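In what follows, subunit A forms one complex with subunit B and a second complex with subunit C.
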Partner chain A sequence: MYGFEAMTFNIHGGYLEAIVRGHRSGLLTAADYNNLCQCETLDDIKMHLSATEYGPYLQNEPSPLHTTTIVEKCTLKLVDEYKHMLCQATEPLSTFLEYITYGHMIDNVVLIVTGTLHERDVNELLEKCHPLGMFDSIATLAVAQNMRELYRLVLVDTPLAPYFSECITSEDLDDMNIEIMRNTLYKAYLEDFYRFCKKLGGATAEIMSDLLAFEADRRAVNITINSIGTELTRDDRRKLYSSFGLLYPYGHEELAVCEDIDQVRGVMEKYPPYQSIFAKMSYGESQMLDKAFYEEEVKRECLAFEQQFHYGVFFAYMRLREQEIRNLMWISECVAQNQKSRVHDSVVFIF
Partner chain B sequence: SLIGAAIKAPRITSKNLISVIFCEAVAIYGVIVAIILQTKLESVPASRIYDAESLRAGYAIFASGIIVGFANLVCGLCVGIIGSSCALSDAQNSSLFVKILVIEIFGSALGLFGVIVGIIMSAQASWPSKA
Partner chain C sequence: MEEELNPNQSSEEEEDSQDHQRNENSRSSKGANQELEEETEEKVVQFLDSMDSYLILMDSLSSSLRQGWLELASARYAMGGSRVTSALFDLKLHPAATTLQVTELAGESPPQDPMVKEPHFSLSRWSSSGEEKCCSRETEFEEDELQKKNSTFVLRHRGTSQHYVDDECTSKGSPQSPRTVDQVQRERSKSLLIFGTLVSPKLRAAQSSFETALETLVEIANMRSLMLSAHSQIKQDMDGTVE
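Up next is the complex of A and B:
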């Protein structure tokens, strides 16, 4: 029953919700970002970060520091927090937490397959995988030659197995097909996650549907923009759009026939929430689109914390942390390459 | 919620135990009313157990117990939920503690109303005099 979850939520979820809210208070604020933007070297960044919650993770790093090390350690912190929460969770919260990582698993699978195609070393690829998306037998992905083998050898044991039924073809893996495979998998994952949240009901269903719908719409727009000018047919494009979200189904029909960015903008401006995003960009500019989408996503995720007794806070927290890590990576890269003026181009403040 | 939030903000532990104590207070109301009710109980001679007066007295005592039980059950749930929000918001911003405590006090008044009504109901339960 919506409205009565307060009576029983705390029995199983109260401890973890309190932990997540405690972690959220440790996210970097605008003041922290201002300090970091004024750093001259990576050592300065390390010094500033050691005053925040990242301290214990960075203090043992010898200088000279690399940007990838900073990002790796921050990701490690996120992974530790996630594993701690996963250990303590019971059903259905543990399933929910696992769903959050399937997106990373899909990315890892695609990374390894692409790398194998380009004859890279398996160990090198494994190091580049996102730690939240690791699963056993991931290394054997390197030996697969086409999708059917991929499925049969490796993926049938993983939680991603049901998503592959939509994209098993006998075609061999090549660059174009891999991107299509990635997007098809992600579409199946989002729809599965959406159904799962609806089944949970109550405040979780409401808040998560909103966040997932925004994610689905954002991916639809990105697919459209990236496939303008490629040989992806309109039907193929339409198959990659998820079947929920604000744009479903009429927006998808219109997006499928778009041929350039201005047409995309025309379609999106019919939907009030996205109109404000597209209004921030002047005509012909698409670099700022990513940042505008990230800002909107961060705003919605902060709103998820306004309500208590639902699982949306876990999803929102993981996403906010990932955004913070992206910010830190951008700031470190700008500082390392001495392009301080571009720092504010891509940093999204969370508070 | 108290345990989880205290990991990041250990200062909240002692103040937020008040919420837990409010919950215990409603249990004490139950004990008090049970003691009061048992002093009201009397045995009635067999010839008079179906008289209107004795039926009324019996039902009054029964109703008093049910009222106090349900009122304090709901009050306990209410105080617990508010106490959880109180712990979480105190961990983020300590000026919020007293404000949410006021809400919690209003919530615990529900249990008190139940006890008052229960005592009024049982006070006028008079058994027929033995005749």
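Up next is the complex of A and C:
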């Protein structure tokens, strides 16, 4: 019953909630970002990060560093923390934690399938996969010729199997089919995650519903903007939107027919939470939209920590770390390209 | 007496005519020198102009490339590192989307002199839809051509260009049918398909910046060719004057 989590939550979830709150206090602060933004080289960045929790992961990396190396090592830290929490978790928290990684699993499947279509070596592709999305038979994806084989040979034994029912066809895999497969899988995953959180009830359902609804709405906007000028039809576009969220269903109907960024703005400004996001951008501009959405997402995820005894803190922490890694990637790229004046274009401060 | 005077008179006349001829020679040589100087000045001005244009183009290239790389990083930020990665490049054999045509201008310089040939470079973009064969000019280059100073710029194609050597393709810069904006846009989107069908506008912006950089590179090659040609002409003139 909602409101009485305080009585029972700590029995199974108290230790891990304390762990995740401890991890949250290790996130980089504005002072850390200011120091990083003033670095001249990637070695300077490594030196500054050595004083943070990323230190042990970067200290043995030889110079010259590359931006992808920094991102890889920082991601390893996140993976270690996640695996520690997962092995300590009991049901239903363990299932909740597994749900968080299904998005990465989908990305990895699409990476392997696309790379195989382009005649790339499987081992090279496996190195580029996100570690949180790995599963045992992932290398076997390379032998599938169409989606039916993909499902039958590999994915039937993975957590993604239930999401495949909507996109099983015998059509050969090509770039358009793969993109539709990616978005259809992700839509099914989000809806399943949303139903699972609703079933958990209580504060978890309330907080996670808000966070997942925002994720669904942001996806809808990104799909709309990215499909402008492509061969994706309006009906196909509509099918890729999730069946929940603030924009469902009327916003989706309007977004499906948008032909340019200003029409998207016109649709989104009818919804007060998104009015402030689009107010930051001038007409015809979409460059700052990603940063504006990330800022809104970070704000909501920080608010999740204001309440206790729910699983939303785990989801929020994972997303905040991923945002931090994105920030580090951007700062590293600006430093490596000697374009430090543009560093604040995309850095989202978490605290 | 008159006989004595006559030889003197004829010698004076001879001297006069010689003086007159000498004056005319010096006047015509002064005129020729002046013309020569004007020509040399013109060549020097041409050389300096081409050098100025070359430097401006280099600056423009640097700016386009910087913008392109930053937009690519921005696309990676928006779409994720696994979607914008070199691991997705297509290794299958396919025709190049862009080819380079090289023509040698029959200019003022004598064709026997290899130092002053002026190759002219031009891009043919979005020409590979499988409908046209890739008439890559660089396949006609002999190795000795490649050793020339005004170097031949060869665009490296994915997939070796030997696969597209066609004996029937003999035209120098074969004429292409005019392409509509839609076709070009389609070809442009097709080249981004390796990253997925729904890509961020930032990736398209990066593509546009790199296209601009490629055009600038070809302009730089042409300008450099012009500059080196002007320089060698001036050097020839100077060597001629010294001798």
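Basically, the second predicted complex is superposed on the first by the 351 of 351 C-alpha atoms of A that agree within 3 Å, B and C clash if a C-alpha of one lies under 4 Å from a C-alpha of the other, contacts with A are read in each partner's own complex, and residues count from 1 in each chain.
Here is the rule we go by: a residue touches a chain if its C-beta (ideal position, glycine included) is under 8 Å from a C-beta of that chain, and two chains touch if they have at least 3 such contacts.
A quick note: this is a predicted structure, and the numbers were derived from the prediction, not measured.
**Student:** In the superposition on subunit A, see if there is space for subunit B and subunit C together, and answer fit or clash.
**Tutor:** Superposition check on subunit A shows subunit B and subunit C fit without a clash.
**Student:** Mind working out whether A:14 is in touch with subunit B, subunit C, both or neither, as first, second, both or neither?
**Tutor:** The first partner, subunit B, only.
**Student:** Which partner, subunit B or subunit C, touches the larger number of subunit A residues?
**Tutor:** After superposition, C is the partner touching more of subunit A.
**Student:** Is A:51 touching anything from subunit B or subunit C once the two structures are fitted on A? First, second, both or neither.
**Tutor:** In the superposition, A:51 touches no partner, neither subunit B nor subunit C.
**Student:** Looking at the overlay, does A:23 come into contact with subunit B only (first), subunit C only (second), both, or neither?
**Tutor:** After superposing on A, A:23 lies in contact with subunit B but is clear of subunit C.
**Student:** Who does A:161 touch here: subunit B (first), subunit C (second), both, or neither?
**Tutor:** Touch partners of A:161: none, neither subunit B nor subunit C.
**Student:** Between subunit B and subunit C, report the minimum C-alpha distance in the superposition, expressed in whole angstrom.
**Tutor:** Minimum C-alpha separation, subunit B to subunit C: 30 Å.
**Student:** So subunit A touches subunit B in one structure and subunit C in the other; where do those two contact lists coincide?
**Tutor:** Looking at subunit A, the two contact sets are disjoint.
**Student:** In their complex, what parts of subunit A are in touch with subunit C?
**Tutor:** Residue list for subunit A touching subunit C: 68, 71, 107-108, 111, 114-115, 118-120, 124-125, 127-130, 175-176, 178-180, 182-183, 222-223, 225-227, 229-232, 286-287, 290, 326, 329-330, 333-334, 337, 339, 342, 345-346.
**Student:** Spell out the residues on subunit C that touch subunit A in their complex, using ranges where they run on.
**Tutor:** 66, 69-70, 73-74, 76-78, 80-83, 85, 87-92, 185, 189, 193-194, 196-202
**Student:** Spell out the part of subunit A that touches subunit B in their complex, as residue ranges.
**Tutor:** 6-7, 10, 14-19, 21-23, 25-26, 308
**Student:** Which bits of subunit B are touching subunit A when the two form their complex?
**Tutor:** 1-5, 7-9, 77, 80-81, 84-85, 87-88, 91-92
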